[in-house]
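Look at the two complexes coming up: subunit A is in both, with subunit B in one and subunit C in the other.
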Partner chain A sequence: MQLLPEQIMGILPFGGVGAEVVASLIAAAIIGTIMLTNTALAGPWAKRKITAAFTDRIAVNRIGPFGLLIIVADAVRLLSKELIVPEGVDRPAWDLAPLIIASTALLGFSVIPMGSIVGINMHLADPEAGLALVFAFASMASVGLVMAGYASNNKFSFLGGLRAVAQNLAYEIPLILTGVSVVIFAETLQMSEIVAAQQETLFTVAGIAVPSWYAIVNPFAFVLFVIANLAEVGRNPFDIPEAPTEIVAGYQTEYSSVYFVLIYLGEFIHIFLGGAIIATLFLGGPAGPALPGFIWFMIKIWAVFLFTQWARSAVPRVRIDQLIEIGWKGMLVLAFANLFLTAVIVGVVL
Partner chain B sequence: MVNPWIAIGALAVVAVVIPVSMMVVSSLLRPSVPETSKRATYESGEVPTGSSRAIRFNIQYYMVALLFVVFDIETVLIFPWTVVYDDAIDKVGLFRALGPMVLFIGILVVGLAWAWRNGAVEWVRSPRADRQRTEQQT
Partner chain C sequence: MSLEEPQAPDVGVTGEGDLDYDALEDLLGDNVVDREQHENAEGFVIRPDEVEETLSTLKEEAGFDHLSSVTAQEYQDRYESIYHLKKFDDPTQELSVVVPTARDDPVSESAAGVFDTAEWHEREAYDLVGIEYEGHPDLRRILLPETWQGHPLSQDYNQDKPQIVPLREHANPMEEKTKIPDDPDTMFVNIGPHHPATHGVLHVKTTLDGEQIADLDPDIGYLHRCEEQMCQQSTYRHQIMPYPDRWDYISAGILNEWAYARAAEDMADIEVPEYAQVIRTMSAELCRIAAHLLAVGTFALDIYGDFTAIFMYAIRDREVIQNILEDLTGQRLMFNYMRLGGVAWDLPEPREDFFEQTRDFLDELPDRLEEYHNLLTSNEIFQMRVIDTGVLPPEQAKSFGATGPVARGSGIDYDLRRDDPYGYYDELEWDVITEDGCDNFSRALVRLKEMEQSGRIIEQCLDLLEDWPEEDREIQANVPRTLKPEPDTEIYRAVEGAKGELGIYMRSDGTDKPARFKIRSPCFCNLQTLPVMSEGEYIPDMIASLGSLDIVLGEVDR
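After this line comes the complex of A and B, so read on.
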């Protein structure tokens, strides 16, 4: 199936490199808009509703149906707030950090196959190194966190930045090692091929064909990946970089107005990006019965989002020393064991 | 066929243009009334003391970063191996496809065990923080 830029290029009245660039820009704007809409729905509205449901409260319900217009109200409110620039901030770094956090997470969606709806294939690009690329984009947000922590000239921000580094370093390696254990089955880093490899029937139970989604083939790797992903996106039990009850708000303490919006936005896009990686690697990407692929893809990333919100409400935060021990002594060893066992089983059995 | 790197570059442009346009819109809307006390960095309502950049932090942050460099390079080297592994079994046999990688990971696991034994992944508590501790630690 043709990718989104190619489909758009087909209806453009001109050809050549110019058409490639224009078609790519239109396609990129569509993908960007879809993900920002998801984030706008998740950040000011769905998160409050979900948290309220977990804690037995009624959240935003005054403005619009189900309080949905709170999204517009919050956007206007936050963008028109005064931007307070604290004394002694490291100016270029302090301004760049929110930009990096927001853009790099969005950039990760360039290689994610989001499935098709009414004949339009929501997939921007499919390079051969897709999986390596998406891991690279996903981990670039740490740079923004460190810049924000250091440049703010605030002790809480600095501690939050340090914690963010320690956490991302400890969980990056288990995340990638369990991610590549999937590649041993799929034999490729191309995202569309990884999805295609999961469509074969694994076994049939009572007439229902169970597809060989890697979450079913290797549930151990799936669990490890989901836990490491929680740390990667900085949600409970691994939210110590922010830790509102300990260090105010960590690296985002000194950010107000539009910069706060960008950091907040970046975090939510990052959660969705984590969900997209989980869906692509372990849950068959956009595959599913009856409904169009794009709808299934959205259901899967929202399911992962709901899981992170459940963890946020239900699981207590770990301490920094526990975090390091779980990461380096537990997750890393288990990730190595998973990779080794997968390689042996693939070599001996298949 | 559209070059995938042009498409990724296009998303990079979009991903920068959207936040920047938000900043521009916000700069047109928002007031700017800087005051000395407002611009002070937040320190729980107290007057900020000392520099935030000269803060002394736990050595452990440095230790885990050092350990990370080794393992990160290792994951980069594992990537191509996982792609060719299944083909390599057919061509050169299981032992020659898996053996070198087991040796390579084995060396790193020995390294991790050494770091573990020497307390590089153990959280070091500063003696001063221990003296200041008022709660009874069990």
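After this line comes the complex of A and C, so read on.
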């Protein structure tokens, strides 16, 4: 199936390199807009509603149906705030950090196969090293966190930045190692191939064909990955770089107005990116019965979003030293064990 | 205690367990210059250069291990510091050590070497009254800004003259101050006065070594509202009672009111009708549950880090109590329900509805507490965070004058409701909760279990109130319209507030207003233990310890 830019190029009235560039830009804009729309829905509205449901409240219900127009109200409110630039911030690092945090997570979606709807394949690019690329994009957000923490000239931000580094080192490695165990199964880094490898039927129960999603094939890796992903996106019990009540708001303490929105946005896109990686690697990507693939894909990333919000409402935060311990002494060992076992099983049995 | 061998009573205690002041005077020998009559605690007058010696003799040999409070005041001819001593084993055995100093040179020896808690109390005395303490480790102002001129509770202070401290002259409270100067490995951070976890305007000057706390100095006074001064300008009978609601304003209003009511009633020999005592006991315990709910909720907030389930659940349950108290007192926060000699009014009509409403809450309480235990105390990540962090050894807790759930979390079996009974508590069946963990977990656990006990107390009070014959429902004793206690009556009386021992010292001068009104705030003393709990621990543990102390800045700063 053709990728989205190729499909757009087909309907453009001109050809050549120009058409390729224009088509790519249009396609990227479409994917970007879809993800930003999701974030707009998640940040001001869904997060409030979900948290309220967990904590016995009602939350926004006055503006628009189900309070949905709070999204508009919040957008106006956030954009009209004054941007306060503290004295002694390290520019341009301070200005670049929110951009990096927001854009890197968005970049990750360029290689995610999001399934098709009404014949349009929502997939921007499918390079051979797709998985490596998406992990790289996801990790680049930490660079933004460190920049924000360091450039803010605020001690709480600084602590948050340092914590972000420590946390990401402790969790990136298990995360990627667990991802690699999937690659051993699929024998490819290409995202579309990984999805395709999960479409076969694993076994049939009472007439229902169970697909060979890697969450079912290797549930242990799935659990490891979901936990490491919580740390990767910085949500409870691993929201240590922000840690309100300890270090105020961590790396984002000094950000206001649009910069704050960008950081906030980046966090939500990051959660969705985490969901997209989980969906692609373990949940068969856009696969699912009856509904179009794109809808299934959205359902899956929203399910992961819901899970992170649940963890946020119900699980206490661990301490930074405990997190490092869990990361290096627990997760890393388990991730290596998982990788080794997978390699042995795939190499010997299959 | 019952399992231990019966100990010989302390020096100065008779076989019946009463204090023998003459024996104590003999123990101190020449140190006692004179004796003074205080209600329920005789005063020994000593010389200002023998404070440490006297107090340490009393602590080591006579068992007075609890320096409850230090009151400073100025007379026409002298300054005076009063050290209110008690015993953790039996707080009815009280003694006042009175230290007069000359008006022209008010210098007295510090007691900080004997009792750690004296450090802050003497700083407050210096700040507000102007007595200087020799040998004090760190004698600076505590409630007022460093640049304040004069001492507001001294007699020659001009209270009408406004003091404007411009920013440029103001000693910068944010200035870096650390006991570990110029160490490149440490970082100074101001946690507060505006910080999500300080539960008010507390400012903690913190020196960090990485993520660990190297040094810590709580800076208070941001919420100082001259409560003592205002009480000194108000009449006993009606005008003082609204103020206690504003000390510990987190639902503990009626408990605070009782502190004043008890002190004033003992001072003026007012007998409170039994029916009113039962209502007082019931409403006070309702307040205690509400206060503990908020304490547990915010403690969870500090650990979880967001407005999470447990906090909202606590707020929701507290709301039910607020509704009950609103029906009873007409107010949701500043109850102003007690009166000298009784309470403002009887239970709301129809009484059946009130009983039903309260019983519904009590019936639900065990399930609710079970849920808190599920969410908090049996949560493994929560346990990982709070067990063995913020350790407060009992010896230090005593020396810092810690009381209430903080002391009981360190295994100190001290509860004024049982040990120095008032109200209707000694007629009811309930237990004092102690935990031996000495850590953040124990303090949270004590609060959760205390709610259960408060529920028991309320239940029994409800039974009593329901069966009380209609003709005997006397809510108010006969109290003169203008209350003028005998001149020079001095009294220090305490009750068990939500946070611990809430004491009040009053001295009358024959008018209808107290000449000196001193509040012994439990939060003030408990907060002093924060450095003990936190130094060497991680920042998150310090925040957790602060949460487990459950301070209310309105009561710390007064």
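Please note the rule applied: the second predicted complex is superposed on the first by the 350 of 350 C-alpha atoms of A that agree within 3 Å, B and C clash if a C-alpha of one lies under 4 Å from a C-alpha of the other, contacts with A are read in each partner's own complex, and residues count from 1 in each chain.
Methods note: a contact is a pair of C-beta atoms (placed from the backbone, for glycine too) under 8 Å apart; a residue touches a chain by one contact, two chains touch by 3 or more.
Remember, predicted model here, so these are calculated numbers, not experimental data.
**Q** Is A:118 touching anything from subunit B or subunit C once the two structures are fitted on A? First, second, both or neither.
**A** neither
**Q** Pick one for A:246: touches subunit B only (first), subunit C only (second), both, or neither.
**A** Once the two structures are laid over each other on A, A:246 reaches subunit C alone.
**Q** Examine A:312 and indicate which partner it touches, taking first as subunit B and second as subunit C; both and neither are also allowed.
**A** So A:312 only meets subunit C here.
**Q** According to the stated criteria, A:56 is in contact with first (subunit B), second (subunit C), both, or neither; which is it?
**A** Once the two structures are laid over each other on A, A:56 reaches subunit C alone.
**Q** Tell me the contact category for A:290 with respect to subunit B and subunit C: first, second, both or neither.
**A** neither
**Q** Which of the two partners, first being subunit B and second being subunit C, lies in contact with A:79: first, second, both, or neither?
**A** In the superposition, A:79 contacts subunit B only.
**Q** In the overlay, answer first, second, both or neither for which of subunit B and subunit C A:169 touches.
**A** first
**Q** Going by the touch definition up top, name the partner, subunit B or subunit C, that contacts more of subunit A.
**A** B
**Q** A:237 contacts which: subunit B (first), subunit C (second), both, neither?
**A** second
**Q** Kindly classify A:208 by the partners it touches after superposition: subunit B alone (first), subunit C alone (second), both, or neither?
**A** It touches nothing on subunit B or subunit C.
**Q** Would you please give the residues of subunit A that touch subunit B in one complex and also touch subunit C in the other complex?
**A** Shared contact residues on subunit A (touching subunit B in one complex, subunit C in the other): 155-156, 159, 248, 320-321.
**Q** Can you tell me which positions in subunit B touch subunit A when the two form their complex?
**A** Checking each residue of subunit B against subunit A gives 1-16, 18-20, 22-23, 25-27, 29-34, 38-44, 52-53, 55, 57, 60-61, 64-65, 67-68, 71-72, 75, 78-79, 82-87, 89, 94, 97-98, 101-102, 105, 109, 112, 116, 121-123, 125.
**Q** In the complex of these two chains, what residues of subunit C are touching subunit A?
**A** 187-189, 195-197, 211, 300-309, 311-313, 316, 375, 379, 381-382, 384-385, 538-541, 543
**Q** Show me the residue ranges of subunit A that touch subunit C in the complex, using the header's touch definition.
**A** Those residues of subunit A that touch subunit C are 51, 54-57, 155-156, 159, 236-237, 239, 243-248, 312-322.
**Q** Going by the contact rule set out above, which residues of subunit A touch subunit B in the complex?
**A** 3, 5-6, 9, 20-21, 23-25, 27-29, 31-32, 36, 79-88, 98-99, 102-104, 106-107, 109-111, 124-127, 132-133, 150, 152-159, 162, 165-166, 169-170, 172-173, 176-177, 180-181, 183-184, 187-189, 248, 253-254, 257-258, 261-262, 265, 320-321, 324-325, 328-329, 332-333, 336, 339-340, 343-344, 346-348, 350
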